[in-house]
Amino acid sequence: MPASAGPVAPEILADIAAASRILAARGVVDGFGHVSMRHPEASDRFLMPRALAPALTEPADIMEFDLDCAACDGDDRKGFLERFIHGEIFRARPDVGAVVHSHSPSVIPFGLVTAPMQACFHNAAFLAGGVPVFDIACDHGDTDMLVSDNAKGVALARALGDRPVALMRAHGSVACGPTLQTAVFRAVYTEVNARVQHWALALAGDAETLASLSDEEGRLADQPNQTAGRRAWDLWRREIRDQTGW
Amino acid sequence: MPASAGPVAPEILADIAAASRILAARGVVDGFGHVSMRHPEASDRFLMPRALAPALTEPADIMEFDLDCAACDGDDRKGFLERFIHGEIFRARPDVGAVVHSHSPSVIPFGLVTAPMQACFHNAAFLAGGVPVFDIACDHGDTDMLVSDNAKGVALARALGDRPVALMRAHGSVACGPTLQTAVFRAVYTEVNARVQHWALALAGDAETLASLSDEEGRLADQPNQTAGRRAWDLWRREIRDQTGW
Amino acid sequence: MPASAGPVAPEILADIAAASRILAARGVVDGFGHVSMRHPEASDRFLMPRALAPALTEPADIMEFDLDCAACDGDDRKGFLERFIHGEIFRARPDVGAVVHSHSPSVIPFGLVTAPMQACFHNAAFLAGGVPVFDIACDHGDTDMLVSDNAKGVALARALGDRPVALMRAHGSVACGPTLQTAVFRAVYTEVNARVQHWALALAGDAETLASLSDEEGRLADQPNQTAGRRAWDLWRREIRDQTGW
Amino acid sequence: MPASAGPVAPEILADIAAASRILAARGVVDGFGHVSMRHPEASDRFLMPRALAPALTEPADIMEFDLDCAACDGDDRKGFLERFIHGEIFRARPDVGAVVHSHSPSVIPFGLVTAPMQACFHNAAFLAGGVPVFDIACDHGDTDMLVSDNAKGVALARALGDRPVALMRAHGSVACGPTLQTAVFRAVYTEVNARVQHWALALAGDAETLASLSDEEGRLADQPNQTAGRRAWDLWRREIRDQTGW
């Protein structure tokens, strides 16, 4: 049984619970989906709510796991079946501080076809450079589609590579970033960008190429997003604080 | 006049009324549509609200019917014209514990065309294996489109076969499951899946096949949905309890 | 100056004001659009709010007009510029008891193309049999697009013919019915049907015909809509009563 | 350091803050986007909120800038990075009294393709006559996509020309008008029109031309919009007053 890396400031636990509720309020998650954050003091531990609907998460629901996704200090509350998405991305990607997994409905279609997601506007700059698609069937054949053990988490992390977002075929997507705020921002704007791209492709027809962000524009535009992007977090976080008191 | 199979626990009546309101809150029903549950003590009786808008249903509005859709104990409140959808599915399908009928707007288009619904993500796994389309005109010619007697209910149940969902041409759809919670879950995710499939097909164009769930993936993924799916019910049920006190 | 046909019951004035708010709450009107009702005691008078946003209408805002659209008893409040839509339909159509004019966004596209609206499900049965398109430019050349005098109202009423709904090119639509409740129902379900038909046509592609309601199915299905349709009105009306107290 | 042109009536500051919140409530802006108004007493000054999410703006957040976009009287609060959009349009367009910049999701697609926006209904009459697309890459090569200095603002104002709306490739759009109310109206109806046009083009297919407003119809219809359009402002403004007390 892994030991905890030590207590976490209450504001951080509140931010993780708030992130769950923010994602629900923005339509990125519904009764399902989850967000996690690497332990601020220990790169081999991460923090994640116990298995419940994101909109109901409280700070006290946050559990601590090691990168094998075993609960620390014998916490026997039920964790999410798919916490292996998070553990294996944290293991493979030292630059990642937070991970969101969701089934946001505009994004799923891009995992069912060959048309690649593109960065259609500057707030989704992080998508420029490519969005890989993870097909669980490649390594694991017919499954229940869930990333429910370490081996499946490893396969997903490999498909993600060094990118901030990966699609999961017939399932959803994963978004990550250096901070909780950036991971949430990317999950939200992956969904918004998907809506924009659906209509842009419908307008364009088959023959025309979208004038989306170039890779270099994407690289440049992702920088102000990570600072100015705090404005969005401040707005969303305040809505939750007004509702919950924390 | 059929006799009642006996009183039902108040929590069950509240859950049926809550199911009506949940379906309204999720956009699956509007002023129309209905949900029913087989009587927990009698396989030849079912429970269903009197005819009113689902969002207004109270526990006291739940009536009891036999499988011919006659009200028990001479309850003379007005039942839904289309309660025969429910009675005949309960008769034909001993495995079914609950039925939802709705006109959810993203689903109706699939009843007007030859393109079949597919299971586009794991929460809609129950759609893998096929979604039949019931055309009331096949057996009954020009009608008012309503399944308003036993013969029409029999024809619908026959079209449904052993599947969890059937489309009704130029009308709506029906979803069923072993429990009230699963039937509601399936009605909600049939609508979500329809939205996903619309965009997926638009992206794919004519030539490409969607990488939707295989039949075997659908069979495997439907199992965790029925347990983890309780998370969605718990979220939705709590919203109704917060609003109504029951 | 025309004289009033006499006072109207307060409940009727409240229902007209509520109809305005219902249409706003259902997304059929925004800051613009209006609903009217023929005077219950005088076929040559009609009742309609003064010019203001539908969501703000109070019972005291209802004015009375003659069929030339002059305000009765010298009421000098500002009426809607387009009240001539209503007056001329009431004049041409003795069977019509209420009229709705709206710019609901899913409906406008059908006034810009040659594809006809079809009745895609039974609640929109009133659309079977055809939805004419009124082009103000046919009789009046370049205008500000508004039906702002009797001659333009006559042209619109002529295009409507004996139908319940007409589209207005690059503007919106008009829906009417024997009662206030039915006219509101038709305005709402014209919008819902438009959303359904957009996706149905996208699925069908060019070659396939939609399995929409036949003319006879439409005729038959429109009858239960006018009685069962009261359920929708009761739901919507109650929401307004809960908000306003009237 | 530029000097202030003098104090502004509190009602005007409240209207600018309310305009920010109106745009958020209508889905035109989210955590990003901004609105400005020319100083009522000085054509070479403009008023604009400090950098924060539009939905949170208070009257005290409004700053004053000169047309070089330097803050007046040494106000050292952080302004929006893209205030140069506003300053350079005010400089180039003496007829403009207010400017809105947004990333409304239905509009962005039209900046990624060659299909031009058209005026699909009379409330969007201001779009007739053409909607230019500004591509920041034409003059400035690969950038972070932000109009973050005077030179980029000049390039945008040049692309806008004498039109009320311009699209910004892979970014968003800008709408302007003689008054704050008209600029807000145009930003809102640019978004609504985009939704209408998406579906109209989907219905039309490649071969058919939309029966949208002619240039002359657009010119004529834009006039009543600017007076009757006050109805929409009055509705939206009242919602904000009910929420904030100002």
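A few comments on the model shown:
Letters are used for the chains, namely A, B, C and D, taken in the order the chains are written, and counting of residues starts over at 1 for each.
Basically, a residue touches a chain if its C-beta (ideal position, glycine included) is under 8 Å from a C-beta of that chain, and two chains touch if they have at least 3 such contacts.
Note that the structure is a prediction, hence the values are computed from the model and not measured.
Annotation: the chain B:chain C pair of sequence copies touches via predominantly different residues, less than half of the used numbers being shared. Distance from the chain B centre to the chain D centre is 46 Å, each centre being the mean of its Cα atoms.
For the pair chain A and chain B, the distance between C-alpha centroids works out to 32 Å. Each of the following residues of chain B touches two or more other chains: 202.
If each chain is drawn as a node and touching chains are joined, the picture is one closed loop, every chain linked to exactly two others. Every residue of chain A that touches chain B in the complex is listed here, in rising order: 30-32, 51-53, 55-56, 81, 103, 105-106, 108-115, 135, 137, 142-146, 169-172, 198, 201-202, 206.
Of all residues in chain A, those touching chain D in their complex are 119-123, 125, 192, 195-197, 199-200, 202-205, 208, 210-214, 216-217, 220-221, 223-224, 228-229, 231-236, 238.
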